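The same subunit A turns up in both complexes below, where it pairs with subunit B and then with subunit C.
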Partner chain A sequence: MIEDIRALARELLEKGAVECVIGYEVGPTGRVRPAFVYEPGEVERLIFDGRCDQNLVTYLTRRNKPRKKGEEVPTTAVVVKPCDARSLRVLLNEHQVQRDKVYIIGVACPGMQNADGTPELRCTRCDQRVPLLYDALCGEPPEVPTVRDAYEDVQQIEALPLEERLAYWLGELDRCIRCYACRQACPTCFCSVCEAERDDSLWVGIADRIPEKAFFHIIRAFHQAGRCTECNACEAVCPMGIPLSLINRKIAKDVAQMMGGYRAGESDEPTPLVTMLTGEEAIDEIH
Partner chain B sequence: MKFIEIRALHEWLDRLAQEMTLIAPTAVGPQEKAPGSRNPAAQGQQVFYRQVEGAAQIAWDFTRTALSAREHFMPKTETLFTIETGPDGKAVLHETKLEQPRVFFGIRPCDARGLRVLDAVMLGQEPADVYYAQRRENTTLVGLACPQMWEDCFCNSVGGAPDAADDVDILLIQVEGGFAVQVVTEKGERLATGMGLQEVEGLELPQPKLNEQFALPTQQQWLASFNDVYWQRVGDRCLSCRICSYVCPTCRCFDVRDETVVTPQGERIVRRVRAWDSCQGVNYRVQAGGANPRANLEQRLRNRFYCKYYYVPIDYAADGCVGCGRCVTACPVNIDIREVLQDLARREPA
Partner chain C sequence: MSGDGFEPRIVAFLCNWCSYAGADTAGVSRLELPPNILPVRVMCSGRVSAEMVLKALLSGADGVLVLGCHIGDCHYGSGNHRTVKRIPLLRRLMTYMGIEPDRLRLDWVSGAEAGRFAKITTEFVEAVRALGPLSLPLREEL
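Let's look at the complex of A and B:
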């Protein structure tokens, strides 16, 4: 598969179809990380295997803006797994990325692995092996059984008495340091100024105390309702090891129950929970 | 060489915890998480410097703590003062009360060295920051030498050492059956009187295993690289989160705001809050008039490296980075300060 990705990347860069290919590489200390390849001669840096679990779609919103006033938006190619493709579909639905400015290198996904070689939990409950949208597909769809997500992790928390549930979350959120890595890694958290970071503290103060931290995470979760594709990026980057995806998965589960099985990023309809007026489609924010 | 047996050390720590605030490395969080996770923070309990009630709560075999010692000298959040309505209806200002004496046990040499930068900024010029000064004065640092350099550590490349005693009041080095004790300062002397130290002849100190040393960029190389496209390329994968600056022992940016709050008794009061801030945040350099000279992500990322290796050494004559390696381990997209330093150091001087 990697030879397919490299050949395609080389071709796209050589003919100038894209400015940059976003994929994965192995850094000097052996860690897998996002790679930005601008030159056809550098495509050998690209790799793809079970360690490539980051969601690269998160980089597209910032690349979809002109760098200088009047400059044209460059076209970017990006390697997407099935889960990442759902994030991209949300961004397309919400007019955050122009379809003709992104070239989607879809990969048939064998599932991602933990550092110890075991399958990542989220991949054991994934029912997609091929991205729902792509311009080119690399790799053969693997014969891995697909499973419908039963949300067992969410049910375990739901089963706790209210006081225990509260104690659990307060204990977890107590460690939050408001580094905003969850928000920054999230493809569908794209506001240019976050409610938690406003200079006027209109919604949340600057303190790193439980009320402020809980409020930030609750607002973030609600803003993700019907939009979170459960890619796990938030949890994967949390330096305090807080199980953040549980919050978003709880809401995704509720949305699916209430909205006739709606799953974010599976159709080109925007989430039923968002109302947008035509003039506001691109959510071009002014603060 | 002075020496203390493990049991005697534990007993001393238990006594200390009764008498004053004892801060020490301790494991925090749920035990069973995801041991195989790619996110090191999700693998199990993390160790933090926290107040403990005795030796039993101390994590003795930790590598480095998830957050540096900074949080105990410049807390993530502190109330500088409150303004309340007095009985006669006039505003009354309450300053935050003095901190009690405390012992910071188990601080790593790199974390202690990081306090030099905070000292230079918070105490080096009049007026000194009274809140920081109080905490510094009231705290005795008992360092715990690293038996080896851990993964991602590079203290030896930036002038430190895993067993350096330069910035602590007392340093403990683990040896057979206990710890060799170096009493470094007068403050340490006063604390050590209660430790019951033994004098042992011919105690051999272990040599900590070091990581490979590398050369740092020169000031000319830093100057010549400022406008380089290199920063755009590193910035390409930066998420612009604040992990690197919040785990750092020498980052010290803060924000101050006044908040109106309602007390549990229903009174409206004003509190002036100081909290950590970061050059990686989008509004870091926004000026009052709205201009932003660091509007782009790569400019803010670049600032972090220049701050450590160019601005702080020039402005405060202190090393801005102690090589603790926390930012390397914690960065979710593998922006590795060692790689950046070596990339720049390889460049031809302009």
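Let's look at the complex of A and C:
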């Protein structure tokens, strides 16, 4: 599979079909990190294995503008796993990325692994091994497990009494240091001026206290409603180990339940939160 | 007045075209309305974002009421279609985070429904009164 990716990257760069290939490489400390390859001679840097868990689609929105005034938007090739492909579909639906400016190198995903070799939790819940959209597919599709996500982790929190839930979340969110790594790593968090960093603090104050921190995380999660593909990039980069995916997954679960089984990135429809009602009049919480 | 003296503070987001007019009609008709409601006029219930609701709760409100035009009557065509999806989703998220869902209510009041406005506000104030004050850390300072 690595050879396929390298050969494809070399061909694309030599032809001039793309300006840059975004993939994975091993950094100087031995950890896998994103790689930006501009020269055909450098494609040997690229790797792909169970450690490549970053979502590279994040970088596409930043590349979706001309280098200089009057120039065209550069074309980029990007290595995407099935979860990343769903993020990319969300960005395409929202016109944040131009389809003809991105070459999608899909990889048949073996599932990502933790440092100790055990499968990542999110990969044990995933039933996609081949990306939903790609220009070229590398690797042989592994056997598809038939498990569908049951949201057991979310249900555990839901089963707690109300006061314990509040205490749990205040405790978890109090660890936040407002470094915004979650926001930066998130492919669907692409506002050029973040509401949480406005000079006038219109909604979210910049203080490092519980209400502001909780406000920031709730709002950030809510803005991803129907758009979060549960790629787990936010939680993976959190230096304080806050279980952010529990908030995102709760919203994803409710969106699917209330809005006709909608799952982000699996169709050409944008998030149901910005569209008109289409037969979901049965949203039951209205009195 | 309740025995312990707790009077809930309710922030009500009223849409300019239906619910604010409905509140006005209720006032002109001299209906009895609870004094706990702090009305905020918005151009459309679709304008009421999750930020607004959370900010109200964190700034000292014990409950938030969102009132808009009935589905199909929106002045802008489909503004309330977004509200009807957003607010129930936020209600569920609030509950997940440990705040009672009954502190947030979405309903529809047209410009002529003065009685309905009085009924909904009274009901909601009583529901929040039963829940007691919302206690969140540092909320008054935000």
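Note that in this section the second predicted complex is superposed on the first by the 272 of 287 C-alpha atoms of A that agree within 3 Å, B and C clash if a C-alpha of one lies under 4 Å from a C-alpha of the other, contacts with A are read in each partner's own complex, and residues count from 1 in each chain.
By our rule, contacts are C-beta pairs under 8 Å (C-beta built on N, C-alpha and C of every residue); 3 or more make two chains touch, one makes a residue touch a chain.
Owing to the predicted nature of the structure, the values given are computational and were not obtained by experimental measurement.
Q: So, A:T118: does it touch subunit B (first), subunit C (second), both, or neither?
A: first
Q: Considering only touches as defined above, state whether A:F36 meets subunit B (first), subunit C (second), both or neither.
A: A:F36 sits against subunit B, while subunit C stays out of touch.
Q: Please indicate which partner A:V237 is in contact with in the superposed arrangement: first for subunit B, second for subunit C, both, or neither.
A: After superposition on chain A, A:V237 lies in contact with subunit B alone.
Q: Go through the superposed model and pick first if A:V193 touches only subunit B, second if only subunit C, both, or neither.
A: A:V193 sits against subunit B, while subunit C stays out of touch.
Q: Give one of first, second, both or neither to describe whether A:G70 is in contact with subunit B, with subunit C, with both, or with none.
A: neither
Q: Under the stated touch criterion, which partner chain does A:A167 make contact with: subunit B (first), subunit C (second), both, or neither?
A: Touch partner of A:A167: subunit C, not subunit B.
Q: Touching A:Q184 in the superposition: subunit B (first), subunit C (second), both, neither?
A: Touch partner of A:Q184: subunit B, not subunit C.
Q: Is A:G261 touching anything from subunit B or subunit C once the two structures are fitted on A? First, second, both or neither.
A: After superposition on chain A, A:G261 lies in contact with neither partner.
Q: Thinking of the overlay built on chain A, is A:R209 touched by subunit B (first), by subunit C (second), by both, or by neither?
A: In the superposition, A:R209 contacts both subunit B and subunit C.
Q: Could you pull out which residues of subunit A sit against subunit B in one structure and against subunit C in the other?
A: Residues common to the subunit A contacts of subunit C and of subunit B are 205, 209, listed in rising order.
Q: So in the complex, the part of subunit C that touches subunit A is made up of which residues?
A: It comes out as residues 50-51, 54-55, 58, 71, 78, 81-82, 84-93, 95-101, 105-107, 136-139, 141-142.
Q: Which residues, counting only subunit A, touch subunit C once they are in their complex?
A: 154, 157-158, 162-170, 195, 203-205, 209-212, 214-215, 218-219, 221-222, 225, 247, 250-251, 254-255, 258-259, 272-277, 280-281, 283-287
Q: Under the touch definition given earlier, write down the residues of subunit B that touch subunit A in their complex.
A: 28-30, 33-39, 41-43, 46, 66-67, 76-77, 152, 233, 236-237, 239-243, 246-247, 255, 257, 259, 273, 275-278, 281-283, 286, 297, 330, 332-334, 336, 339
Q: Per the contact definition, I'd like the list of subunit A residues that touch subunit B in the complex.
A: Against subunit B, the touching part of subunit A is residues 20, 27-29, 31-36, 51, 53-54, 58-59, 62, 114-118, 121, 171, 175, 177-181, 183-185, 192-193, 197, 199, 201, 205-209, 235-241, 243.
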